[in-house]
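Letters A, B and C mark the chains in the order given here, with residues in each chain numbered from 1 onward.
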Amino acid sequence: MENIILKIINLNAYYGNQKVLKNVDLEIYENRVTTILGPSGCGKTTLIRCINRLHELSPGARIEGKILLKDEDLYQIEPMIVRQKIGMVFQKPNPFPTMTIYDNVLAGYILSGIKLSKEEKDKIVEESLIKSGLWDEVKENLFKKGTFLSGGQQQRLCIARALAMKPEILLLDEPTSALDPIATSVIEELIIELKKSVTVILVTHNIGQAGRVSDYTAFFYLGELVEFGKTTEMFTVPKSKKTEEYLIGKIG
Amino acid sequence: MNEKTINRRIFNNKLYKIFVSSFSFLSIIPLFLIIYFVLIRGIKYINLKFIFSMPKPMGELGGGIFNAIVGSFIIVGVAALIAIPIGIMVGIFLSEYKEKKFTEIVKIFVDTLQGIPSIVIGIIAYLWIVKPLKQFSALSGSIALSFIMLPLVIKSTEEVLNLVPVDIKEAAYALGAPYHRIVLKILLPSGSVGILTGTLIGISRILGETAPLLFTAFGNQFLNLNLLKPMSTIPYLIYVYATSPYKDWHNQAFAASTILIIIVLSINLLGRFIEKKWKT
Amino acid sequence: MRKDKAFKIILLLSGFLIVALLSGIFLSLVFSSIPSIKEFGINFLFSKDWDPVNNKFGALPFLIGTLLTSVISLLISIPFSLSISIFLSEILKNKLISNIFQTFVELIAGIPSVIVGLWGLFILAPFMRTLQLKLGIQPIGVGIFTASIILSIMIIPYSASIGKEVISMVPTEVKEGAISLGATEFETLKSVTLPFSFNGIFAGFLLSFGRAFGETMAVTMVIGNSNKIPDSIFSPGQTMASLIANEFTEATTKLYTSSLIEIGLILFIVSMLINILGRLIIRRFKF
């Protein structure tokens, strides 16, 4: 029984006069991993930046259409609230260099000026780092700055930071493209674990990764949603010719 | 994370933007205040007579600033003549010998030279030139000003030469050109705009300098073209007139300031304009 | 080949010229200060008697005057300079207006200081006089405070442009990291952007301070030129630079001149230290 947690309705996204997403209709299922797949420039990063309302911060950027999180129109509430409900992990790991690991995990609370007791803070830090698989590696060094960590560890720190806010959806923007193969597989295993507690939307151009971790895949090409379906079905019997061409490496 | 805190945070955000914008605009008000008040009091005293006649003796009304205008022209000109070639050479040195330890040291020394208060430069020029010659002279003033202009030319030259793509140099090497020709015929011409920028900004700077001239070029109520004698300059004249007890001299100080500020800011803006062109 | 060698030697020599020049400046100042150093020793820095008649010289009033004006002007300039840095890098998005605004800020630094002094003497000082009358203080107009205001106007462009450079260099992904967690622009600035740029901003203020420390003409025209230790910030005073400007040509004895040059030496050393420290901090500032 699949619950729909996010509805994207007739979404068009623009940078000035340039239309980068065209008439996108998409439904995301709760506690599943959905991959947004496609070649460079297909609009996948723009799509998730519309979901957490980062897109509108670029000069000349705007959208038409609706995005509903459990029937709540995300463009009718304060962007800050949207971002607290929908977390994001970026392509290049970006822990805050002036903060300790401990504070990095709590950054969402610190930035918003939310006061927590020491017990509450310790609890959130430990839980989030356990969930992102980093706890054992850093528990002795929580009060050091995060910049000594390896790329893969920094990325898991960023995942912990996003998870600490207890978001309903976690957006991952090509989270392993800057990492080595071992770090990549660690994070891929993590993604599969994470869907138990949060809904994951993964952006990637890596077909193998999409095949390994996701339940559903949405294939985008030049700003349009070409096909959406269960990953296993789509990868074996793609319905659209474009999808097939991408999967066999003919395009992209 | 309730309604009230969200609203308070949004309010704080708006407040911060208002504060920062207001303080920023307040900061540039003095620019306009200074230009306005100087121009408004000075402009009515500027006429051809003011520009082309000589000062009257102390206490007498009228007179002009011709000797100061000529003096500024000569002293700044000589200073530039000294600072430009040396500045270019040091700039080439810093750009061509980039990674060497010695170059780092020279860079620090250039930075330090730039930070020396101009009055101390005046003392040095006094010790090195005025004392041995036993008199104030335009030459000592020029040398003081050249020390001030030097770092500006050096830095602009170094910066612009660093921007010359390596492949241009390599193409010249590949053609078998000797090093000194590569520098003089290829490197320098490509960097000429940057050197020009440094020169213009340097000139606009030293045109307005007074402190180093207080005991070097000193002043002269007569027109003097001899580099080995004291010479009047516009900023020095402004200082003497402004701090004197004579109202007519105060007015002349404003008039001279109007002329000076227009010239200095124009050259400065021109230098900046050219700089933007090659820095992008 | 031979021409190349000669050319390279000339280049190297020009580098040496700079080293020689600066060393020469330092050595000349030291050498000419020796009579004064011999006569007064370390007490020069602590004595407040500046007495040309009796050939006794102490630099304390001018050390105090310089410190007061530099520190006060720095403090006044901080909110304005920081605002400009933030305004130009974070708030103003239109490139053209941003360039124009930045040009205006930097033009202030282009105004000859004697003209700023002229404005200070004839427009700011009378204004201060009226203000002082209202406050019930001696309406002198010129003094430490007026000089500090003039200085703060003059030094703002230095720290503002360094601050703007440094804040613009904060990587977008770090700022977006904060925004994606739900932070407002202000919260991102406070907790992420400013801590990240702290070193560079600090160095910018250090450079501004160094500029205020050595400024001569504008200060000389509005500080009141009193060689006594000021008793309030509205009193007239004297800085090291303004002292030299005022009295160097009047110095009659060798000791008098030497003392003035020793003060010049102090100016040289302090400005050099501030400058080197500031530039070191900027160069190390790569995250």
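What we mean here is this: a residue touches a chain if its C-beta (ideal position, glycine included) is under 8 Å from a C-beta of that chain, and two chains touch if they have at least 3 such contacts.
None of the values given here were measured: they were computed from a predicted structure.
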Pair sharing more residue contacts (C-beta pairs) when A-C is set against B-C: B-C
Centroid-based (C-alpha) most distant chain relative to chain B: A
Computed distance of Cα centres, chain B from chain A, in Å: 54
Centre-of-Cα separation between chain C and chain A, whole angstrom: 49
Interchain centroid distance [CA atoms averaged], chain B/chain C, Å: 17
Sites on chain B at which at least two other chains make contact: 9-10
Numbers and ranges of chain C residues touching at least 2 other chains: 184, 187
Junction residues of chain A, two or more chains touched: 80-81, 84, 112-113
Contacting residues of chain B [partner chain A, same complex]: 1, 5-6, 9-10
Contact footprint of chain C on chain A as seen in their complex: 52, 54, 57, 59, 80-81, 83-84, 87-88, 90, 92, 94-98, 107-108, 110-113, 158, 161-162, 165
For the chain C and chain A complex, residues of the former touching the latter: 93, 171, 173-174, 176-184, 187-188, 191-192, 195-196, 198, 287
Residues of chain C defined as touching chain B within the complex: 1, 3-4, 6-8, 10-12, 14-15, 17-19, 21-22, 25, 28-29, 32, 79-81, 83-84, 86-88, 91, 99, 101, 103-108, 110-119, 121-123, 153, 156, 160, 184-187, 189, 210, 213-217, 221, 241, 244-245, 248-249, 260-261, 264, 267-268, 271-272, 274-276, 279
Chain B contact footprint on chain A (complex, rising order): 78, 80-81, 84, 112-114
